[in-house]
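Next come two complexes, and both contain chain A; in the first it sits with chain B, in the second with chain C.
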Partner chain A sequence: MDSRIDFYPTHEHSGYKLRPGKPYPFGASLVPGGINFSIFSRHATSCTLVLFEKHASKPLVEIPFPHSFRIGNVYSMVVFDLDCENIEYGYRMDGPNDPANGHRFDNSKILLDPYAKAIGGRDIWGKTPDWNEVFQYRGRLVFEDFDWEDDHALETPIEDLVIYEAHVRSFTRHPSSKVKFPGTYAALVEKIPYLKQLGINCIELMPVYEFDEFENSRPNPSTGEMLYNYWGYSTVGFFAPKSGYAATGKFGMQVDELKNMVKHLHKNGIEVMLDVVFNHTAEGNEKGPTISFRGVDNSTYYMLTPEGYYFNFSGCGNTLNCNNPIVRNMVLDCLRYWASEYHIDGFRFDLAAILGRDPRGAPLPNPPLLETLAFDPVLGKCKLIAEAWDAGGLNMLGSFPAYGRWAEWNGKFRDHVRKFLRGDKGMVGKMGQRVQGSPDLYDRNGRGPTASINFVTCHDGFTLYDLFSYNGKHNEVNCENNRDGSNDNFSWNCGHEGDSESSEVRWLRHKLVKNAAVLLIISQGVPMMLMGDEIGRTQKGNNNTYCHDSDLNWMDWSLVEKNTDLLRFFRNMIAFRRAHPVLRSPTHFQNRDYVGSGVADITWHGVQKWNADWSNESRILAFMLDGRHAKGGAAKDNTIYVAVNSYWESLSFSLPDPPSGKKWHLFANTGVEYPGDICIPGMEIPLQNQNDFLVGPRSAIILLAR
Partner chain B sequence: MNIETKLQDGITVILMHGEIDGKTAPEAQEKLLPIVAAHKTVVMDMGNVTFMSSAGLRMMLLLYRHATAGNGKVALVGLSEQIQDTMTATGFLDFFVVSGNVQEAVASLKVS
Partner chain C sequence: MALNISMDVNNGVAKIVLEGEVDASVSDKFKEAVEKAARQKPNRLVMFMDKLTFMASAGLRILIFAKQKMGADVNIYVIGASGPVLNTLKMSGFDRSVYVQASYVD
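Then we have the complex of A and B:
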């Protein structure tokens, strides 16, 4: 092999041996004897490769791309005999500085490669950077030889998922987590037994692409506490994992550590989904720093106004130009890379409505990017989930172009469950849709209930405990005069704002948390829960904790003991869902009997059986799922009856007959104190009275026919 | 990087000294591969290894692959806490037998 002549240099610069590179793949790739560097720029007039020794302030060498090394709009070059572990690289681009025409070239800046697979400069979380350094975010080489053995994306049917949304650092940073390296990928591996016991089978990670926690960091003027870009919804490099989340980041081994985490989660049956932020970058608007895209080819990568300013559909200063073919290919390359190189099971797209806009910002009827991703062969088994709105007012809930692939975060599920549980009137009809997987939104174009990612809480907004502990948001510590964060929380403080000593208030809150768990887990579609909701995690009423590296975000593991009733309730609910296919239909109910069981797949009830009260004043929801219709009649399951009483007094419900020869058994009753509130699935208790059930105030019951 | 070998109860023990990184790994690999090829099962005494980079970890995994291709095994002893933590976090440790000392390592390799 090494007799191939293209393994040998043809050119030289300052003692460095070179030859013309290959334009594909973009980025820096290891090739025999050297490294192939390749970067696109349509409007640059020349390009220079800048090499550094790791951590060095001054470049090792700057190598201009010879004219003959450019093919079309791509500069590519092989540099031989580099120690790939000790090299960091960037580029200088020459070109017009003409903002009115979209160009902002500045050859004084050393630019990060948009395709950098690892990034140095923020190796250790929270280590204050030296802003005088000329090169802040430094491209690095990675070995792409991780030994996955037999690992493979799990490809769990989406209707069988229970998603757990978590932040890598928050999950184990709290001292109570008792892990060796708090806040890291490695620590998350230590907590896999907890996740398995909880029963979730998919963890959705808030951003793990390299970001700068020091972006826009500032001290709180009254407390001195540092506020960070903590959540990380501001990407520096789309191909590189966050180094500060790796215990081995200081050695540059974050790539291996993250892969090892995925491998261990897969071994335990847990899928890994990434929250990806392709709507904007960390460069902000024209006042922001030049890190990469702005200096590589501003008018390609960003949506610009006719005057050359940045459109701000993201609310973060700029908008990635996703439906430009170059940018579209970058997003595709990126997701293919994560799916193939990291074995990622699925992606959740932040503010995904932006991905459906054209370069001038207008919504497209058939957005090429969304279609490309849906039909891509490498992504063919990945879950694709959209946050189907953006900060520019485009809300595509229920109408996101799906191509048979895309699911959506169902914001209506969140809002309607919240309103129903706090006792709002006029919600019962809407809840009838939500528990069926929102056919009003998704029974078009054959999407089905699995298009609906159901959630009551997520990182944006209150935790579940705070939802029932605060009437209003309390974001003062964010230092934005409590203006940030949503005002539409549909929350209720159970009579006292914030922590309460009252055992009655505590009892009510726990009951409402459990009611939310019932509706979330029992509904058709795909349930997603927020990290810590199973143990009553609080953010002290803050509904937008994006900037806090503190116990406002960190999961307090002592709550496992303190709120053991909640944890047990969640565990058993999840186990119940996973035991019963009738709760996980891949298709919408038909509200009719199509298997000859004598009852419809779903039937609606009230305080009187067979007589649902859909009126405006009603606050009760009761339905029966016929087990013989499970999975469209393909699976045999028990019949399940659910009644939720959101009224503030007890109500007696007359029960529909169970299938002949069966008796109703009680699985859960949130109106009863721990440990009588829920059973272990399979250990349900037969009811003495098979005809009526007194459901307590603001309580839910689940019955099983056996 | 310095490498010595000795025999203990019929098993080859390789004593490693110094740092294993992108600069030293290729040389170490050149010396170690023939030893592993000849003896299949080896104990690597890492007590005097002060640092191991990503390239060092890959060199170790390559040795493991060569050993197992000949139905052999690689046991590691004397890992510093830092190297052991790094190998755990990155998954490389999963491939090796880890023992407290050379004697234990030799005994465990003989049993298996």
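Then we have the complex of A and C:
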């Protein structure tokens, strides 16, 4: 190394040895003998590197980039002989402070590098920051030397996934979790056996990019409880993991701890998907703090009105300018980094419709960012999932530009299943589409059922148990006069609002939770469930718990015992799905027989076999999946019959004949108390009566031909 | 607290005894000991950590460096790590890359 002259300093400042840096890659990179610092700004007039010792209040040194170190719009410099373990860095940018023209430069601010790979300043969750500190979010260097052994992304076919949406802290923070380091990546590793037993094979983590839980934090005036930016849908740094989620965050080892978690999950066959928030940042609107992008190059990074204010398509104050080529490249660099350095299997894009808007906010017919991500070689095997709407009213459900890659959170599945299960009329025809993987939305442009991420609940809204315990939201403790959170919950309280001592009410709620599990798991597409729904987790009727670091969000592990019937039902349903390829078709049903079995791939029934009731008053859905058509005829499977009675009285269903030589066996019947409600897959019980089945009120059955 | 290090290589086994704390300010000393051991091409590296009270990320980086420097054929043993040092090894996943043992018999 020493023989290479390009690693020798050519300049000096205050005793620090320098040489012109490489413009790429952006960020701070280790190079022999030093660190290469590189940052973009189109409109800055000068830039200064500010170095700190770790945790120090005052800078160690400020090194202006010599004029000759700028190439185009990139400032780059190598600083030699720095102690990488002990350095934190930021920038000062000079330039016009002219908001009307989009510029908000302020050289009194020390700015976080948009490409910082680790961020200090919020090392320990909930530790009140010193707001007088001039440098709040402090860029740090990371070593990319983690020992991955042979680990790599699992590349599970998307139709085979069962996704579990979870919040890192909430999953293990409750004292009942009994883990060594509650609320951390390390604690999640301790709970992998639980996830494996449940049977899920993908965990989708709510944001783990560095955010500030103290953003807009405030005490509840009535209770004094501190309200936080708890969920983390407000990014400070896109390349850095949330330090407060790492037990080792105080040692600056959050990168290693998160990677270790991914490695362990992979070893157990569980993919890791990240919920990424590229629609806005933590800087808010013009009244928000200057952390990074606003001071680096405001008019590049944000969508601005002609008057220089922030467009607010995110509902969070600002909108990242994702289809600006600079920002687009940052998003791409970021996802490539997480896919390659953290072995992440897929990404779910929060309010992704924003990513399809042009810099003035108009929807683009062919959004370059979405196309770029779809065709990127590094992301070539990653799952890409869109929340296909935004807070600005753009809803692209079914029309999100897919390029053969993108799947969507299917909001219609959520709403229709909820309405059908609570007994709304006029839902049967819609449910016919939902259980097929929503061909009405996706059977075009080559999109199959796997474009549909099916869910009944997610972090936004009621938990599954609350869906059947509350008619309305109860968000008073959010201190927003119960105005926040959706009003369109399509929920039903089963006759009593909230907790009930009535065994009848509890029985009904458990039955409806199981019915939801049946429809979610049995439908074509990709099922996603919310953390804790398998054990009846409640948020006490709060449908927007974004600000609570409390048991409103924390998973209460004592429910594993209390609601053991629900847990067993979910486990067996998931095992059933994984055992039967006919439930996991990569292509849409054709509603015809194309393998010569004598029956169509899917057939529709009612209380009379072969006679589905699609009428407005109907509240029953019954269908048969022909096992000989599994995976388009490529796999052989059992034939499965499903009947869901959302009517409030029992109904007798005449059963279609099973394939020749087979008999109907009962796998699940939610109208029966635990433990008769569900079997272990493979141990289904033969029916005495092969012709008719009395399905209880608001109950579902699953039969299997064997 | 300072870091005391001793190192010797016998019969192809390199032994490094660490006492005190490993943080960024002394990690170079640790790295030098690993490099010195590596030069003698041992077939096993044994690091005694029972008297080590703290290890920052800089220390962990040296362990990773040791693994890469020694090569895949050289087994690395960490002996007697406990408390925060053992926690750090486990949470960062390094306990899967080396043999972590309570004691060591030649």
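Note that the second predicted complex is superposed on the first by the 706 of 706 C-alpha atoms of A that agree within 3 Å, B and C clash if a C-alpha of one lies under 4 Å from a C-alpha of the other, contacts with A are read in each partner's own complex, and residues count from 1 in each chain.
Simple rule for what comes next: a residue touches a chain if its C-beta (ideal position, glycine included) is under 8 Å from a C-beta of that chain, and two chains touch if they have at least 3 such contacts.
Small disclaimer: the values here were computed from a predicted structure and weren't measured.
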After the match on chain A, would you call chain B and chain C a fit or a clash?
clash
Looking at the overlay, does A:R584 come into contact with chain B only (first), chain C only (second), both, or neither?
neither
Contacts of A:F181 with chain B and chain C, given as first, second, both or neither:
both
Have a look at where A:M253 lands relative to chain B and chain C in the superposition and call it first, second, both or neither.
both
A:H629 contacts which: chain B (first), chain C (second), both, neither?
neither
Touching chain B and also chain C: which chain A residues?
83, 85-86, 143, 145-147, 180-181, 184-186, 246-248, 251-253, 256-257, 259-260, 263-264
Complex interface listing, chain A residues touching chain B
83-86, 143, 145-147, 180-181, 184-186, 246-248, 251-253, 256-257, 259-260, 263-264
Touch list for chain C against partner chain A, complex:
24-25, 27, 56-58, 60-61, 64-65, 67-68, 87-88, 90-94, 96-97
Within the complex, chain A is touched by chain B residues 21-23, 53-55, 57-58, 61, 85-86, 88-92, 95
Contact residues on chain A for chain C in the complex?
83, 85-86, 143, 145-147, 149, 180-181, 184-186, 246-248, 251-253, 256-257, 259-260, 263-264
